[in-house]
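In structure tokens below, several structures.
Here come two complexes built around subunit A, the first alongside subunit B, the second alongside subunit C.
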Partner chain A sequence: MGGGLIGCATAWRLAREGAKVTVLDSGDFGMGASGQNAGSLHFQLERRFLENGDALAEQATRTAALNRLAISDWSSLEADLATNLHITMNGGLMVAETAEECALLELKIARENAEGLRTRMIDGHEARQIAPYLSEAICAAGYSPDEGHADARLVTHAIAIAADKTGALLRPRCRVQSIRRVCREYVVRTAAEQFAASQILIACGAWTAHVAAMLNLHVPLFPVGLLMNATERVAQVVPHLVQHVGRRLSMKQTHSGNLLIGGGWPSRMALDAEGRFTLYRPPAVIEASLRGNLRVAIDVAPMVATINLVRSWTGITAISADQLPIVGEIPAMPGCWVAGGGSAFTLGPTFARLIAQSMSGTKCEELEIVAPSRFAHLNSFMGQ
Partner chain B sequence: MTDHYDVAIVGGGPAGQAAALTLDDLKLKTVVIDEQPQAGGQILRQPPQSFRIPGWMEDRTYAPLVELLRRFEARTSIHWIGSHSVIGLRREPDGLFALTICSPDGLRSITAARVLIAAGCQDLAVPLPGWTLPGVYSAGGMQALLKAQRIVPGEQIVLAGTHPLQLLIAAQLVEAGGGVAAVLFSQPHGTMLKAGIRNSLRAFDRLSTAFPAVRALATLRKHGVKVLYNAPIQAICGTDRVAAVQHSGGEIACDAVGLCYGFVSQSSLPRMMSAKMRRAGPAGGWATLCDEWMQSSIQGLYVAGETTGVAGANAALASGNIAGFGIGAELGAISRDEAARRVARHRANRRSLLRFARLLDEIADPRPFFPALRDDTLVCRCEDVAFAQIGPVLDGRSANAVKLVTRCGMGLCQGRNCEPTLLRLLDNPNDPGFTARFPARPVPISDLAT
Partner chain C sequence: MMRLDHGIERGRRIQIILDGERVDVFEGETLAAAMIEQSSAFRRDSNGMARGMFCNMGTCGECTVTLLPGGQRVRACLVPAQVGMDVTRD
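Right, the complex of A and B next:
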């Protein structure tokens, strides 16, 4: 369930191994966060893990093994699919402007190196040699040679085509109405059809918790409305992924020439008639987010100032109760798998490969750090 | 510093002017924002103040609109913000509307208790082979050049399409000294005549509105301009600019082409607010739904003029009056009963004008006559997306999904031009079209950054 990157890629992997797979989505495939995100391939420890204390940073560092796998998965994806997804891995810079931010970078890089990631600290001068568009105010950067970006518009679309060719049954615009567990099987019903499956995967992004509720299960994923910005197309100037260690920024340039500027700035989620967050209307742009986001972009790369903004878009992703993704089998419900909760573009192909492998019976230790079992207590009184 | 108003009106055409005058009469603090330096809208697009054009808009058809414009311009208590685009509209948590408006001099924000959107319409963009060659215009674009700048964009102009307005534009072009090679109607003369007769009873009270077309025909006859029927244009030819048009009956040499298939409402701001919309007339596009006081589905957000469906300047004027009284009553500046009495004649007037607009819609219906697209015909000219790229993904998916994988609609115009074509190709009456996004017009990043 969920025709996003993880759902389609898992189906593709499983179908290639001969499994009989169906993918259902209430809308078109790849139209949620998989297609709405800006396509960063980020392998440095994310800024969001650094701003909430050491414990979280420590825990997040342990996901570095997944990052290493993701680097290799993205490196081979275009060849595996035999299609151009505009994947570039020209390196990424996480910049710092103050002494405090430089100190944070050093700590971060030490953690990453201990986990075997190839990040290194460079000074402002070297950063500007690599990336001449950077401002004089940049005093240091964490440089990862593997980082880059892919065209989020195309990735899920291409994987869905591959899944279809390998024999997976794709059902866009088929909303799941109910899921029942009958003996050792799951019966998934849509308006027109019914599917029996020995295993199911719920990978519905922000909708995951809704779908899991059909099985009387809690999945502690919370919807988050984010803001992204696209400029008009300009000549290629930014071949890297640019992030900031102390301020919210991610910036890259698409194959078509647009600069995509984001970095985790909030948008305002819409409320339904009962005053609850709704996932069925786009979040609204918060002016302060927009202005703040663009300010960081100009401070980091001054040439951005004169370029026209053509579109600010908001999209909904999901974040887990402890900020780490939730990927794996639900302990209370054997055969029911779940995947979601942040970094799911960068880590998506890897999650999909590992889920497919696990579903086929080979246990994956790499997924232990993100396993749903850490929230098993929430389902003590749930399930059936 | 944010300026606050009781009412902000987007659009200084007849609807915006009429509403502003009504609201000002009711002593409500009103601002009118328009992309043009001066009021008038497209119908009375004014030349720059330093120009003197003898006989500008002297035709008696325009008289009531010119009179309205003069009254509006004389009313100094209405705040006028010209040369500004409203690029964002949102509702703040305190219930006020916030408008982000931009100009070459930068950005400003205003707030208002009520907003009226009377943003007019634009020509329906119709892709056909050769339509992106230099020298191809929308007919409305040609008319804007003529009205505001006295520019005649060619010496051998061909107008082509299905909308009778092309007769008026052709007549205005020849009267201004331009050369018109031909006016090509896609539909047979009989079709137009039949639709006219079939509807003559319900539009009987407004048949005089059709007289300008009859006068235009006489003008064209006098100047020896060919008017061909049953001559759908198929392609525009030329290497680096327009050289000829091909129609079903042959080829006509020309140096400029004006395409005239009808008009679609500007809808980006109401859609940004998630107001309820409906598929507009045969030309396509989106009309904003509204109640009898011109209030949209969003409380406090009003719409008037072509925003509610293309019906012409006089209907816009009537709806502007209705919206003005509706807003006035909601803000307590006039009792609802008194407002109802005052709008009665405007409502009656609007009803009969809408009947005439439907007649015109039927006569001008472009749907059977859209030119066939070739594989290399660009559907989205901002992003260079050709028909061949779109065809393979027309598999039942939504317009947004096609946009995502093809980039159709991702460019500078935000899909204003290609959306009607894409929706036509998708042929799904329930598709809500592209999600409207900020900003409605491109804006330099330095203007937006804190």
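Right, the complex of A and C next:
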């Protein structure tokens, strides 16, 4: 369930191994967070993991093994699919402007290196040699040779086509109405059809908690509205992924020449008639977010000030109760798998490959750090 | 592109420079209207496919052009043609 990047890629992997797979989505494929995100391939430890104390940073560092796998999965994806997804991996810089940020960067890079990531600390001068568009105010950067970006509008679509060609059954615009567990099978009903499966995967992004509720289960994924911006097309000037260790920024330049600027600035989620967050209307742009986001971009790369903004868009992603993704089998419900909760574009192809492998019976140690079992207590009184 | 020519009041014929060539346009019509009279293809995308006018109301940015000599980037659908303008498409 869920025709996003993870759902389609898992189906593609499973179908290639000869499994009988169906993918259901209430809307069209790749139209949720998989298609709304700005396509960063980020392999450095994320800023959001560094601003909430050592314990979280330590825990997040242990996901580095997944980042290493993701580097290799993205490197081979275009060849595997025999299509151009505008994947570029020309390197990424996570910049610092203050002494405190430099110190944070050093700690971060030490953690990454200990986990086998090839990040290295460079000073402002070297950063500007690699990336001449950077401001004189940049005093240091973490440089990852593998970072980059891909076109999020193309990736899920291409994987869905590959899944279809390998024999997976794709069912867009089929909303799941109920899921029942009957003996050792799951029976999933849509308005027109009924499917029986020995195993199911719920990879519905921000909708995951709603779908899991059909099985009387809690999955602590919460919707988050974000803001992204696109400038007009300009000559190629930013070949890297640019992030900031102390401020919210992700910036890259698309194949067509637009700069995409985001980095975790909030948008305002719409409310339904009962005053609850709704996923059925896009969040609204918060002006302070827009201003703040562009301010960081200009502070980091002054030439951004000379380029016109053509579009701002909002999208909804999901974040877990402890910020790490939730990926694996739900202990209270054998055969029911879940995947989502942040970084799922960068890590999506890897999650999908490992889930497919696990569903086929080969345990994946790499998924232990993100296993749903850490939230098993939430389902102590749930399930059936 | 065919223009209506009855029952329409327009500015006088003037010349602007479009991609280095003098072209006749009506004063006060939008640059986009002047451009579309020359060709409905405003540019080629990264796959070499022609792209033209889309929203014609300042929203999409498809018709963005550069004004010389200043280099301002403007939306052609919002800017009236004036004598001597020097316009470059991508």
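Odds and ends about this structure:
Throughout what follows, the second predicted complex is superposed on the first by the 384 of 384 C-alpha atoms of A that agree within 3 Å, B and C clash if a C-alpha of one lies under 4 Å from a C-alpha of the other, contacts with A are read in each partner's own complex, and residues count from 1 in each chain.
In this text, contacts are C-beta pairs under 8 Å (C-beta built on N, C-alpha and C of every residue); 3 or more make two chains touch, one makes a residue touch a chain.
What you see is a predicted model, and the numbers here were worked out from it, not measured in a lab.
Applying the stated clash criterion after superposition on subunit A shows that subunit B and subunit C collide.
When the two structures are aligned on the shared chain, A:H157 is found in touch with subunit B, with no touch to subunit C. More residues of subunit A are touched by B (comparison of subunit B with subunit C).
In the superposed model, A:V310 lies in contact with both subunit B and subunit C.
Using the contact criterion defined above for the overlaid structures, shared-chain residue A:S256 touches subunit B and also reaches subunit C. Look at A:F277: by the touch rule set out above, it reaches neither subunit B nor subunit C. With both structures placed on the common chain, the touch criterion links A:M31 to subunit B but leaves subunit C unconnected.
Looking at the shared chain after the overlay, A:E232 reaches both subunit B and subunit C.
In the superposed model, A:Y133 makes contact with neither subunit B nor subunit C. With both structures placed on the common chain, the touch criterion links A:G292 to subunit B but leaves subunit C unconnected.
Comparing the listed stretches 59-67, 95-103 or 167-175 of subunit B against subunit C after superposition, the clashing one is 167-175.
Comparing the two complexes, residues 232, 256, 307-308, 310-311 of subunit A contact subunit B in one case and subunit C in the other.
The part of subunit C that touches subunit A in the complex is made up of residues 45-46, 60-61, 64, 73, 90.
The part of subunit B that touches subunit A in the complex is made up of residues 88, 90, 98, 100, 109, 274, 383, 396-398, 400-401, 404-405, 407, 410-412, 414, 435, 437-439, 442-446, 448-450.
Subunit A contributes residues 232-233, 255-257, 307-308, 310-311 to its touches with subunit C in the complex.
Residues 27-31, 35, 153-154, 157, 172-173, 230-232, 256, 281-282, 284-285, 287-288, 290-292, 294-295, 297-298, 304-313 of subunit A are the ones touching subunit B in the complex.
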